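In the two complexes below, chain A is the common chain; its partner is chain B in one and chain C in the other.
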Partner chain A sequence: MSVMGATFVRNWRITVRAYPWTYFVGTLATGVLTIGVSMLAYRAIGGGRVGASFTAATGSADYLGYVTIGAAALTFTTRMVLWVAKAQITEYREGTLESQLLTPARRLPYLLGVTAQALSTTAVEITVLVAVAGVLGVRLSVPEPLTLLAATVAATVAVVGMSVPLSALMLAAGEAHITQNTLFTAMALLCGFTFPTSYLPQAARWLGEALPVTWALRVLRAATLPGADVDPWPAFAVCLLLGGAYLLVGLSILKPAERRALHRSARA
Partner chain B sequence: MSTGIVTTDLRKTFPVRRWQGWRRRPAAAPVPAVDGLSLRIPPGQVTGLLGLNGAGKTTTIRILSTLLRPSGGTVSVDGLDVVEHAREVRRRINVISGGERMVYDRLTARENLWYFGQLYDVPRARLRVRIGELLDLVGLTEAARLPVERYSRGMRQRLVIARGLINDPAYLLLDEPTLGLDAPIAHQLRALIAQLAADGVGVLLTSHYLAEVEQLCRHVYLIARGSLVAQGSPAQLAGQTVRRHTVRLVLAEADPSVTAALRALAVRHDAELTVDVDDEGRPRFALRHPEDLVGAVVTAVVQQGGAVAGLTVTPPTLEDAILALADPAAVAR
Partner chain C sequence: MSHALRVVAAEALKQHRRLFGQPLVLFSMLLWPLLTLAATYYTVLPVMESAAAPQRWPVAADPRRLLAFLAAGALAYTFFFSLVQSAWHFSFERVSGTLEALFLSPASRMALVIGNGAAALTQNAWLFGCFAVAAATAADVLDVAHPGMYVVAAVALLVPAVAWGAFLNSLLIFSRDSAFLYTLLDDPLWFVAGVRLPLFALPVWIKVVGLAFPLTSSLVVLRGALLDRADLGDLVVPLGWLALLTVGLFGGASALLRLGEARVQRTGGLQVF
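Coming up: the complex of A and B.
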């Protein structure tokens, strides 16, 4: 079995043994809360209507569908980043990074194994979140299958691409929380999860354009928003290019970051 | 071709940075952890690397195992440079460290070995057999399906040993491998190390248990502050210092004439004498000298009519030699 497959199996075993149901509830709670608060605001404040600017920006008047897909995408992004970006710093903290680095295994297959397992776990979480949204009364239109598949591929490339340099940053800095939470806050504001990016100031919009997740989200919107007559393929191509570029940068700085972490533990 | 692990003028410095205003700047003098070390670890024998705490043993092992890059000098494993051919070197070596985790707590022993076998690309059929052999070797067959988080410290260390052997390494770097092990398992590990060397594996051993080093090592390097201070067989190393026998004598009761005779004996032989009392208030003497003075001590006591309550002689050890060579100032104190 390959390093990727072995890492997938290893992480799956650890997750099955160590993943408490309370953590599952906590993971869902953020998404459910986002949908619930948006629903209240939409019905109680907006009177069940959206402004013309929203319809113009998104090509749809289905605000609850927009927010639900955005909340699911945000859950997907944060969960995947947490799994993939934190994989190596978790090894470092738990004392297994050295035994990893002693082996001739390459980093990319290892990270892809972590990604594959993260995808399977996150898929379950997203399915439950969308089901809860359905119970709350959100009705989603049936997505276009090919575009949905492209959106899933784009989102995966985007989060893996962003996670690898983030992993290097965490290893180099020796901390995870500040780094990850800064990224999560920036993504939630800039990428268009719960409101169209056209609402942002111009400078912030440019920052959002530099994140591959923003482009992945456009492909997802094209697959899931009724009436949004948007061609998803240019956004798909940009997402792959940006995600690939982030991944290459990440892989190039990962080894120096590992050496820095090993230096730190050697001096300790 | 197996030419061993060879280091030439190996150096490693750790930059020290200090806050100056808003910026961290490099300190004037970086700390040398390894300073011009030249070693050879040949295949088929156990080589010792000794030194006091902070001498640079673990840093040296981390460089040899590709975890750290040297700041200067070269390291080759069977002719392969550890920096340029790190991946190929990793296939040939492994490391066993005492007191470090190195395995996954939530996996079982079998799952840990399976995973590391995959990372080393051990063929599937071979891996299945190898896992069984190693679990048997370290006595974990019955506990092989328990998560490691339920293991005792000794069991965990045995698994770390098995992990270090999963790829059939040509060179094994052992950093305090018996730390925390029960005596029978430590004994078994020593036998295994000797067997591995007999089978052609090159072993580098650091240990605070000097009996272990004397038993296993054919050649020993002694380092202090990152530099080589002595090398040779354990016997040659012990012979490089002024070795001292220690005669410890307890008298049945205090006798000023015996004390005076022993002081005169110490002055005559230029020996070091310390006098105190034991737990029962009896006078106790310790006489240290390169020669064994027990005969002269007993004669002096008997001539003065003293009664001996206890007498021991401690011969010089490798530990004395290490202390004398690695930190002469401490021995002088």
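Coming up: the complex of A and C.
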């Protein structure tokens, strides 16, 4: 607990002193412009209507609400992954990974501290995004507030679960740019952020099913889509199971990845 | 002139050696654009399937034409974005201390920034090739008036892109902060240039902003020539505007380089940021 608290406080200080504005503007722009394109297409081309396939797949005709929630969820996911998965490679690049390995602190509380701090800043960023969407004229409703809370829990478990093996991968490869952007573009396609996954070809759909974020999104849709009458709890359970499995795999490969990173910096 | 050409060739060769065969190029030029293209297609698909869409935009009625429209947008955007990336790499010269050496050499500054951008483009020629092959395989998607229009499309994409690259590179004489390039010119660029939507769907003020970027007009020519059977006469307005923009960008780059160099001679800014 003390490791988690200390990491939380340290990361808050870093954020307050040197907030990464360009990252923030970049991710916010991606979200806002995704909503913008959908809105312009919906009004100028669709005439304020969508095809029957969308209504059949989602149980709702609220296309703009669907895309806005998806864009906000994608912003949440990318920002959280940037924080949690890149925590250790940032230590490595700044030369503090050795100190981290020398302390008796365990990895999981450290990563949870990073997660807690990331959640607090990401919440602010998502609020800004949703407010901008509101100014643009998107009306959102939350028919199931309790389910929304569950969706936030599910999304956090999913993101942390995916970030830990990713962190190991980045440390082992000594590279973050390609890994993170490949994951972001793949997730944007496979997980059903801005369109229902039933649009995808069968093989791609299976890939999406293997990612916990896809299941977290199902809980989120149940909470936010008016008229989507689905039971969110099976998806919630699958999300926690999958996220937990990713987390366990990640923690088990973190040690060899750290060793590899150390050997690399010793050689350099 | 031959001196400038030698500088262009040398700088291009240097960039080629730095970049070619790097996994980053394969990911950022092929895999990410393809994944993003597919996601964009599926995101706008519900709207295109609405009953009102085909009357407002005939392309919406045919998923293959819609995909070709978006793919042409992704191709042109990727080309222009590779120039943003090349400018980003140019900023490493400053970080590694070689920018000063470049400015101590008698090489023409303009030739340097052109060479830098040209290298990025020739390395992406294969991308254009892949697109052409893919489009030719789906033969009924392409609708070209005559073979000469392929040349027009390629020139309308390449020449303004080199000018764009020279301009971006010259901006970095003033600052080492290249993150703003990524932030300002990544997402907003595709939005205002009509990469993912036909221009008529954009509000007037966005169209006006978009016209200032060569990508917008390049894309009009590319789509017109390859997908809509336009000939030279149909495209004379965007081509003329592109020519003006290209001259303006080269002129701007040259002026910025001179101003920037005078400034860093006064401030020592090339070395100490």
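The rule is simple: the second predicted complex is superposed on the first by the 262 of 268 C-alpha atoms of A that agree within 3 Å, B and C clash if a C-alpha of one lies under 4 Å from a C-alpha of the other, contacts with A are read in each partner's own complex, and residues count from 1 in each chain.
Definition applied: a contact is a pair of C-beta atoms (placed from the backbone, for glycine too) under 8 Å apart; a residue touches a chain by one contact, two chains touch by 3 or more.
All values derive from a computational prediction rather than experimental measurement.
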item	value
Touching partner for A:L136 - first (chain B), second (chain C), both, neither	neither
Which of chain B and chain C A:A44 touches, first, second, both or neither	second
First, second, both or neither for A:A266, with chain B first and chain C second	first
Residue contacts on chain A - larger count, chain B or chain C	C
Partner chain(s) touched by A:A6 [first = chain B, second = chain C, both, neither]	first
Which superposed partner A:V124 touches (first chain B, second chain C, both, neither)	neither
Parts of chain C lying in touch with chain A, wherever the complex brings them together	23-24, 27-28, 31-32, 35-36, 38-40, 42-53, 56-57, 60, 179-180, 182-183, 186-188, 190-191, 196-198, 200-203
Parts of chain B lying in touch with chain A, wherever the complex brings them together	14, 33, 58-59, 62, 65-69, 87-88, 90-91, 93-95, 100-107, 111, 114-116, 118-121, 124, 147, 163, 167
Residues of chain A that touch chain B when the two form their complex	1-3, 5-7, 9-10, 13-14, 17-18, 94-96, 98-105, 259, 262-263, 266-267
Contacting residues of chain A [partner chain C, same complex]	22, 25-26, 29-30, 33-34, 36-38, 40-54, 63, 67, 177-178, 181-182, 185-186, 188-189, 194-195, 199-200
